[in-house]
Amino acid sequence: MANVRLENVKKAFGPVQVLHGISLDIASGEFVSLLGASGCGKTTLLRIVAGLEAVTSGKVEIGGRDVTALAPEKRDISMMFQSYALLPHLSVAENIRFPLRMRGIGSREQQQDKVRAALETVQLGHLADRKPRQLSGGQQQRVALARAIVSDPQVLLLDEPLSNLDARLREDMQVELIEIHKRLKLTTIFVTHDQEEALSLSDRIVLFNAGKVEQQGTPADIYAQPATEFASNFLGSANLVAAEIGTDGSATLADGQRLAVGQDRPAGKVSLVLRQEDISIAPEGAAGLKATVRTRVFLGARCRYILDLAGERVQILTGNDQTFTFGDTVSLSIDPARIRIIPR
Amino acid sequence: MANVRLENVKKAFGPVQVLHGISLDIASGEFVSLLGASGCGKTTLLRIVAGLEAVTSGKVEIGGRDVTALAPEKRDISMMFQSYALLPHLSVAENIRFPLRMRGIGSREQQQDKVRAALETVQLGHLADRKPRQLSGGQQQRVALARAIVSDPQVLLLDEPLSNLDARLREDMQVELIEIHKRLKLTTIFVTHDQEEALSLSDRIVLFNAGKVEQQGTPADIYAQPATEFASNFLGSANLVAAEIGTDGSATLADGQRLAVGQDRPAGKVSLVLRQEDISIAPEGAAGLKATVRTRVFLGARCRYILDLAGERVQILTGNDQTFTFGDTVSLSIDPARIRIIPR
Amino acid sequence: QDKTLTINSFGGAYEQAHRTCVIDPFEKETGAKVQIVTAYSADAFAQLRAQKDAPQFDVINFSGGQEIVGAAEGLLSPIDASKLSNAGDLYDFAKANFAKGEGPAYSIAAIGLVYDSVKSPKAPTSWKDLLDPALSEHLVLTDISNGYGMLGFLMLNQSEGGTLENIQPGLDAVSKLLEAGAIVVSTSPEIQQEFAQNDAWIAPYASDYAYTLRKAGLTAKFVQGSEGTPASFITSNLVANRPNQELALKFIDISISKAAQECFAEALRYSPTNSKAELSGEVAADVAYGEEGVKGLIRFDPAKIEANRKAWVEAWNKTIAQ
Amino acid sequence: MASFLIPSWVRLAARIFIVVTVIFLLAPLVVVVGVSFSESQFIAFPPDGLSLRWYQTVLSDTVYTSAFWTSIRIALLVTVSATVLGGAAAIALHRRMLPGSAFLATFFLSPLVLPTIIYAIGMLMFWSAVFGPVSFVTLWIGHTVIAIPYVVRTTLAVLSESDPFLEEAARTMGAGRIQRLLYVVIPQGLPGLGAGAFFAFNISFDEAVLSLFLRKPGLTTLPVQIYGQLEFSPDPSVAAVSTIMIALTVVLILVIDRMLGLQRFAST
Amino acid sequence: MSDRTENLLLAAPGLLLLALAFFLPIGQMLVLSVDGPEGATLAHFSRFLGDGFYLGVLWRTVRLSLIITVICALIGFPLAYIMARVGPRARLWLIILVILPLMTSVVVRTFGWVVLLSRNGLIPELLRDMGLAGRTFALMQTETAIVIGMVHVLLPFMALSILGVISRIDTRLEEAGRTMGCSFLQTIRTIVLPLSLPGVVAGSLLVFTLSASSFVTPNLLGGPRLQVLAASIYKSVTQTLDWPFAAAQAVVLFAGILLVLIPYVRLTASDNG
């Protein structure tokens, strides 16, 4: 068990500055997700924690010890690579046994038992003797996952471990991860591009933006109170609608429709941040803002509408109870407390 | 534009039988998604359509022509690989220009324009001169996507093209894909592990199970009427609850609770298939089945409850309006028409 | 008719002398052109044999007795002595086997003792001196795959009481010498190397090489052993199956001419085989000169050597093997 | 890679290792260079006296320059022919689609297994019997034969480590056979082809035995010339020739590097 | 055109050249090995195989070739690894240094060694000065000298063969190894070495066959007292003019090399998939 501390870590690849001073404190046994846009530096950060990449400046501590210049194999970490990095010359079972062998954990029999258990965890018991090249993409990813968790390291670094798995399997794996995490109290840093995954699994979410920490907090906090436009945009896929706050505190849209907003704001031009799942939709005639349906996107359990509201494109996410089609006029309502306002 | 027809295609890798006789008809300009568990043979099927893998038996037609033994380069297809297969010695721009160069499409300037446009589509205009090795995982994936779409082939094969992208980017890319598809009327076969993606993008979904086509149909059809247990399980993450149909046609659970079921069924022991998003949850006291909350999983816009219903584990997916915590007794209701019954 | 001849020569200073003494006069006289392939006898012979369907040499020169095998295998043409204007001037032994196909000997290298006149504690006088323990750590023997080495060994053998029928005494002496620290080399440059850098004092080898060493600035001297001086013949042979044999014969004729032989002796210290050749005193001192001098030379029967070569080489190899 | 990924003692050991290896590799060359400036007639080291006389000898002697050009001509031709033939064969073998690929790979190694002299004699006998006199072409063919194994081996080894999907990806992008070779397989095999081509050049340029037996007047290669010089009158002129070769090599590589960025090539 | 035809076409020119310009001439030479005065005979083989001396020569050839191959691999692998992992500038210089010796004639280079190793050469003198060797100590004409000279000649072949393969290995595999607890050296042993095996195999095939069949260097450095098979063949061809025996020795050498190589290739090929 060990905490991880990053202190103003900067990293540049030649002229390309990738991390602009990251400071992070991850408690022992915490499960932290890194969320952020593609190319924002998540993998780079993991690699720095693992010791695979030297920092340009800054400090890395694991378990209270300064490891900035410590070799990876001395850090008692385990990392799953985004590209899997399976050893092509070893079979699946040998790949998974590899960290045990290298760290000298247990006797040969114990190692084989652990390998078997890890293979069962990722539901690949029947493929133990295959070579990685003979596996499908998702199978390879699971082998990489099994290899990362088999050795019970102090710090577990997972780089998009479930991206190539179908929904069922993904849920199963999430459950396994949580259980392993709870059982062994591993400090886990988890990179994912799937918000629901991050929100459901983590003790804490760290939101990255272009090499900086944009916001961090518990899933509920960070979801409910995005601190910046980027955060709300990234997490909730929010709509931005231009409006003007009148003297009475209510907002007027471009076409003159008005709605109540919760926050007290000085009058002026603003953008309303409307999260797509906060807006509810009803047939014409109900109270609310009038909008026209442009597209309906079927998502199975849910449904996404693209609407025209006061000349702006608005997306909403709703259940599948009522259906509207192209051209229908609908009525939108939103809890004023959930509307955030940012100056324009 | 061309249709694609598979006729009883079988494929084995040595002793491992992977495809057990697949027949598929994909109309010209159709957008078809392949859904299925990890390792079920999706990639293999794409590779057969591309001509990269010889069939063990069966026939492949593209545009009405038997191409079973035709070389891939003569098929006017374009394929995005699950592992990207970017050419390491070429820059990003050169990688994307590659299919144009190979097919001799347009002059050098036109090619460069197309490359620029494709790069913009995947939002990577600024990285044109990098080598693939200097990109993040998601960036590499987008380069592969750009390379697949740049040459406007008759048939576009995409193998999990968006798995490494964050939600925002993923939505953007989905929109771009749909627009490209509409504009050029490409026949598209799309492998994904993301159901919502499949449901929202496709004209048709083909559900795979262990090398066989389990079901196919429009997204709405396949979602609403899963034909088999596997289908309902895979698509809706359904719960199976043991019950006994009484003579009055209602179902009795193990603990004696009763509920109405829509289908007419002879009396006897059955399993009820309850889709997790069809069940609604209310505080104790409301009408419905009594259940106890085991876990609540926060998913941002949604929330998943794991409940104990009549001694069985049941998952439900709901909005975030009301929250219940561990130990709460709640009341579950479900539209009888949405309950499917399968004999036990 | 094609007026070019292809011959082999032995490279380096030898080839230069060959050019001045034989080739230039030949070209001047006939207007023909001579092309040289630089090759030792052994390599040239291998090439000749392999190319027997389309030989490239017109005249081929050997120093290691290869003409005997070549003649026996029909690779060489018999020579009609009457077509060589200078044949009459040759000593008899130099033209003994014309009919078989062996060409005339046009030079003789005398095998004796090459020693370092400064470092060596005493000037050797006889082959027996090779066995002097004081010298053995500074003695260089030559492998018998080398023509000079073969003759040197046979002479040592003879001085130890052996004969061409029995080379065991020679082999015994060699193994004794090796035990005492002598070394074996297989090519001439290695001898130079040993003398120049590695404290070698004495080696049984040819007179012309002593001269080469001297020209290279070493303090090497040559003496004939008192037991006798074996001779190595350099022969000039007419290759069979070549179109312009007339021209080739003319070339051989010039090789054995008085002028050519004097020139060779002057340049390289080879002993002439032309009885008419006249040498200056300085040159004469380094070679076997005149009827008498030549008579003192020992010629081990080349036919016997050829017949036994395989066996001897094998025996020698086993003796020296470490 | 991050600097601390390699332990400092390994760095130190690597430095020492490189220094020792370089000393080992260069030791005889230093002797050769040293000897080339010697004043004396014979090869000795350290040289006694300094002079450039051997350079004068070499540069004014047409036998060396003409032998040099003969060698260069043959070596360049052999580089091309051996790389093309060997590279093509290696690519075919790598794809493992021919029956008995493993056997064929060994087959391609066979010219290395026999001492060249056996081949030289065989080739000379064969050529004389079938075609008559040997020529430049004979030597070219002979050198190509003994250079091919190098190209096949090195290329095969490098290809075996490359991503098998790349060629497939190129096919789906419409790359025909030739294009695939040109734009995917060859770039992938480049380090092997490069090494093989260099070996081929070097083998031909340094080959003495075959050249010795297959030569004829006017067809003398530099190694044969050097070999002859050493056999018949060893003097420091051979050292001077070799020193010139060393200097030429370094200059050539640096010039190519300036022009083409060899380091980029070397890094793939 | 099918893929198979394409590959046939690719391989055919090389195969054809080898068949016509190698196997035909060499076959003609090798049949001499059973050539006797009265028709076919195995006498040349029995002469070789029945004689301890020649068997000794064969054994020395194989033994020295093995030693040379192992040493070349031991030096060549780290050398190639370092070359692959240093910066591009340093790599260029290392490559130049490795190929420089190749640009000097083998004979001349070997002469360089002769000068260094002989009795008054630099190295024995150094050893003598340090009191490590006796008065007449020389490295010339020892097996050590042969090994030194041959390693020098063949090391570049080994190093460059391995370099090509190592430069193709994905560095992320090494990194993965490190995160799984491999020390640097363990990574080398368990990941880099197995993955560069094709290069090591290629290199050792070249080095082994070359050292078994080379003649100039062993002959100059080992002298006539330490014969290797190639030198013996050379002698039979040019000195004793006994070509049938030379051919028989060549056949034996060929067989000997195959005997060593086939199990080696088998053993290493199975790991290559």
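Letters A, B, C, D and E mark the chains in the order given here, with residues in each chain numbered from 1 onward.
The working rule: contacts are C-beta pairs under 8 Å (C-beta built on N, C-alpha and C of every residue); 3 or more make two chains touch, one makes a residue touch a chain.
Fair warning: this is a prediction, and the values are worked out from it, not measured in the lab.
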{"item": "Chains touching both chain B and chain E, listed by label", "value": "A, D"}
{"item": "Number of hops, chain B to chain C, where each hop joins two touching chains", "value": "2"}
{"item": "Which two chains share the largest set of C-beta contact pairs", "value": "D-E"}
{"item": "Distance between the centres, which are taken as Cα means, of chain E and chain A, whole angstrom", "value": "56"}
{"item": "Length of the line joining the C-alpha centres of chain C and chain D, rounded to whole Å", "value": "37"}
{"item": "Separation of mean Cα positions, chain E and chain D [Å, integer]", "value": "15"}
{"item": "Residues of chain D touching at least two other chains", "value": "1, 5, 7, 43-45, 121, 125, 188, 230, 268"}
{"item": "Per-residue multi-chain contacts in chain A, two or more chains", "value": "51-52, 71-72, 83"}
{"item": "Junction residues of chain E - those touching two or more other chains", "value": "3, 115, 121, 175, 178, 183-184, 195, 237-238, 243"}
{"item": "All chain pairs that touch each other", "value": "A-B, A-D, A-E, B-D, C-D, C-E, D-E"}
{"item": "Interfacial residue positions of chain C with respect to chain E in the complex", "value": "42-43, 45-46, 49, 66, 69, 137, 143, 145, 178, 181, 183-186, 190, 193-194, 197-199, 309-310, 313-314, 317-318, 320-322"}
{"item": "Residue ranges of chain C in contact with chain D within the complex", "value": "6, 10-15, 35-40, 43, 46-47, 50-56, 187-189, 192-193, 196-197, 212, 215-218"}
{"item": "Touching residues on chain A, where the partner in the complex is chain E", "value": "47, 50-52, 71-73, 77-79, 81, 83, 85, 87-89, 98-99, 102-103, 131, 147, 151, 157"}
{"item": "Contacting residues of chain E [partner chain A, same complex]", "value": "170, 172-173, 175-184, 186, 190-191, 194-195, 271, 273"}
{"item": "Chain A-facing residues of chain B, complex", "value": "13, 35-39, 42-44, 82-83, 134-139, 141-142, 159-160, 163-171, 193-196, 199-200, 219-220, 223, 233-237, 275-277, 297-302, 304, 317, 319"}
